[in-house]
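Read from first to last, the chains carry the letters A, B, C and D; within each, the first residue is number 1.
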């Protein structure tokens, strides 16, 4: 091992890409759990920036517990209505007073939540379709570790925590991730009938990939059942096209499979999210830091969204391990499957983990020893620049869910 | 007495205008109690209209319990900020389901509250400076008394209730009422530094009238202490001008008397209402139905704002008695002081009160018997048309506070 | 006038006892508005005592805004159940930190509310039939006026406020007050089927008094409709007996007149309060400081319950004026009707009011000048000892509703 | 594969017991996330039983979203106090009306939460140290799948979901699990100074096991710093003894390593849980269904606690896969590491999964083919009896966290 306790070894298992059965899921941006994640992280960024603006450094806070209580809606072709609003409670801790001065943390948190909702769930009318309330307790004083305008310290680990990252994504993972992302960006631009609550499930058995999409349709853009069927078909076609960019395997796409046209039971919504009708949500219950739920891979239980990016090791290590894995695979040839795990060491700076271990499945014909040094150098470098993660998280350059 | 139990007699007291000491108060539109009243009544109107639109008649509801929990603010010359938002809870009962169909009462209530705040406390940013939440319980089923599109019934009294109205207003009452109204309409148009939380207290001793105004100034329009002093002086001058339109007595006006410039303690606010800093509010704690608090006159304890105008006798009788008193004084010469009191009779239509008694102080030289018949005719007519009050309340043509 | 600005004059009106029509109402201890009043005052006493215990003086607070949101219940002979709990929000301001030490104001407020409910609405199970939550904002710092263990100051008036008291009670007032009190003490001891939500309305026309009682019956003590009828009859009989102790006039008592046995609509409850089914409540909307609502008499709009008894002039003057009126009538013979009004003078100690005026109707054969000096002496003495009111309020020796 | 799609194969990896680095964590019963889990599951059981009692079958509900907002406390040797209560919001869906009858779901949920807290966090005074509120939306009608008194159906899978179970536990897992359990049962019986918030982290490198315990001490049982040190030492000794029952490897135990005696920073609490001071909690963020967080093993993200045990596949499959794994290892010799994974098949009964795959690492000298049939028989049998899981969950015979 190196000074930074970096360990690189061959994985004692088959690459996920080569396992017989693979399951992957992504809860789209408008899913109630993702809404909670998104708000929590958005509030976190807003507080970091508030502290930097007002006192020149990030103070103690954690806003990783947004709770969404579902509403009730009466969707209807051509436009229905929300009858019982969604209720969102922003929960966490924040420093409200510094140097004798009150800081508007509650108002800033509410503003961040409102802006996030307006941008990402635009059909949801703030204040009438959704009520946002806030309970941020007083934080326990100043944050010892400093991340400020003028100086940056590498914080100490004050907890045993664990982060894990993987690269490259398998084909199924790429498909699941990108189908949701493309639907919620390219597709929706010209197809406003698609709501942001798009859930994608991928299942691969051998070389056969099934993609199941649950896509909330927005009723005001859909006049009748024929238009609904057209909308479903269009999503199916688009998703298939996206999927086939990432694989030569056989791909089947099914959209809104729970629909029952005879019963009149279809996935029609007023606002584009199932939160309007019975689906509650909370932080850390959905996608991991890489945007996916991957039962074939070790995952961290830690909720990344909403945590303080200056000193919360769980957040930093989850983001950092993902970043390292991606960087290694970008820069080093010959890796079929890479897992990076970071384990903190209480009382030591977080750039000196208890152990940073890389488990690698190499491509056929590649020997681990050939690439070991390159991998280690990258791991070492990324650890040395751990505070980049904090900066990127504050700037919103990293996704957390 | 008539069939309607109308009793007209001479008052056994001096006219209020002629009493030695008179006290009058008005909490302006931006006072926390008035905000609660205003929202409650605005929600009530919105629900009445929702029911009329959807089912053709007004269903059971009462929304007379809005609770406002004050926030915390940090005002500053040139513009401060709210640091802890105001919290407003809409409380009441409403029918949420009718004929198998869900009615969006919560969303409609929230929308009414939001619109009301945006119009009347415009500096208060909805969703960040103020959080509005709602708890409307299920009403106890259908309303027996019908006020619908096609037919209107006079409801039965199901409670012993009491309303009281007075006319004409004394000079002091006119001054207190109009100083607030003019400040919050004419004056504020060209003087945006004045917030809507204007509280006016009038005290008359003999022929000497003291008007005390507490006027919340909006910090973003006020650069420094000099501008603040100018603003206070301008309000004082304007209030004096208004006052002198209503009296030849001596009037002294004082504005923001609690200010202490040396201590830096002035009435500067971010949003124009003291609700931003520690002043809670609720319905029915401020102005009576005629817009005033008048300890020299009998008053009803009943909260008028937010009550269902179809069948809530307390609301109807308070509005009606005020309306009757004003109509009589408009149309009949020679009345110096008139009090109309309506007392309901359980189990009888509300146009047949248990007693409707008028107590009159006539002008010098006028004998009660000369005007008695005219007064009675008006009382009788207004009672006969009691459902006008419901219509006017729903249309927002009557003020309730 | 004296140094304390005491004015004593003959009332320019008939004694209320001699007016033709008189209306009096009392909302019993279990009425939703009274529950709010009772909790607010109980929380106030608890905070006063907390401050006295911890820092030796009463700090700034006001807890006069308890909001009760009604629940839903399914009463049934032999015992039904609450299906939707009552929600009570304690609202106000309190000093949470003093001299660097945190004070448990929220926990103490919750405890006071819980204990109050357990004592006064015992059938209401805390935590399941009723949820109590709290929102006490930070008070604006230290209270200037000192009421401490070792020294007591007379506070300065910082607001124009007004209190009014009356004595003696009329027969109708005595009846209304005592019927409720006796039912909720003597009667209930041996008749647990009576709930605390007893509302008493008295109406006197000439020498004929109608007493209407709405009495919530507790279902677990009532097996069937016959027992219910017996219970109603027993209350009626008891109320009649109480009433006749206070008058020789003709008294009619009616209990639960809104019952409709054919429709099965009776006043049966699970918990003994209408708050369980649709009746919301808040502070200051019910009884005045003397326990009654008396439209025949001037009343203060000020909510007395929950206000800080050290320096809230409205509270102090309402309690004090009532206390003065009762003391005068106790000690001076020959008074048929007495009204005491206290008006504060901003910037002066509250024992020096702007005006303290007594309006007296003497008994036949008594001349005002004979008793004037005695009355004035008592008024002067009570004003001089104004801080007694604070002490009594903190000790719970004064009722506020 | 069998009719039930059971697949049994050798794992393509080393048994976790034989991997170089292993990490295991358990959040004890008093940890904020575990409190949320425990309440959610307790509410779920109460609702199942309510429905069985009242209508003979379990109706639609999900109560898997309890949100805990931390309080603030001022612990002190000999007994401190909670200054800002913990706030717990019960969130979910439930059927409130059935066959025209209202069901007391809110009251029952609150009662379950209260009873759970009283039993498991006894130092936390309900109603003053903690406020519990509830927001259960209306469920979307009747549950198709029937689990009633008289008949039981195997429900259909209506979602693609996934469960995973493992057995046997590794030594480190046994230690982590049992140290917490023994501390919170045997130890606490005679040592009331130990609070239920005991977090245990295990880390094994090769044959060296480090156990880190964070144990909240209850201040009222601890007089001074010496007693605190004794308490920490006693926990350390006890944990060591427990640990050594499960391994011959070298075990080091450390308790409350974040304490800093010089700074006066120790893990002293009023109530025995860190929820009293800044640690929020929510459901599904802590232990998996087997009571552990095991980053070395695939885990499901699904929150098990609070889900409806009749038809929520995620819950059923997580509990069932754990149950199968344990049963297999109990009854079949020669298994060093077993993973059972169940994947649902939309539209098919849940006893016919899309795939049930077992991955086995056998003991040295054991060949997979020797035990394959036995394993398959057990898997098949447990699947056939899947509704046992529902019954056990309702009865509280299964732990979910």
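Worth a mention:
Criterion: a contact is a pair of C-beta atoms (placed from the backbone, for glycine too) under 8 Å apart; a residue touches a chain by one contact, two chains touch by 3 or more.
Since the model is a prediction, treat every value here as computed from it, not as a measurement.
Contacts with chain B and chain C are shared by no chain at all.
Greatest centre-to-centre distance from chain D is found for B, with centres as Cα means. Centres computed as Cα averages put chain C at a distance of 51 Å from chain D. Note on chain placement: the centre of chain A and the centre of chain C lie 56 Å apart, centres being C-alpha means. For chain B, the set of residues that touch two or more other chains comprises 72, 84, 87. In summary, the structure contains touching chain pairs A-B, A-D, B-C, C-D. Against chain C, the residues of chain B that register as touching in their complex are 12-14, 19, 21, 23, 62, 64-65, 67, 69-72, 84, 87, 89, 91-93, 135, 137-140, 158, 160, 162, 164, 201, 203, 212, 257-258, 277-278, 280-286, 288, 293, 295-301, 303, 341, 343, 346, 354-355, 357. Taken together, the chain A residues at the contact with chain B in this complex read 72, 74, 81-85, 87, 96, 102-108, 110-111, 114, 126-129, 131-134.
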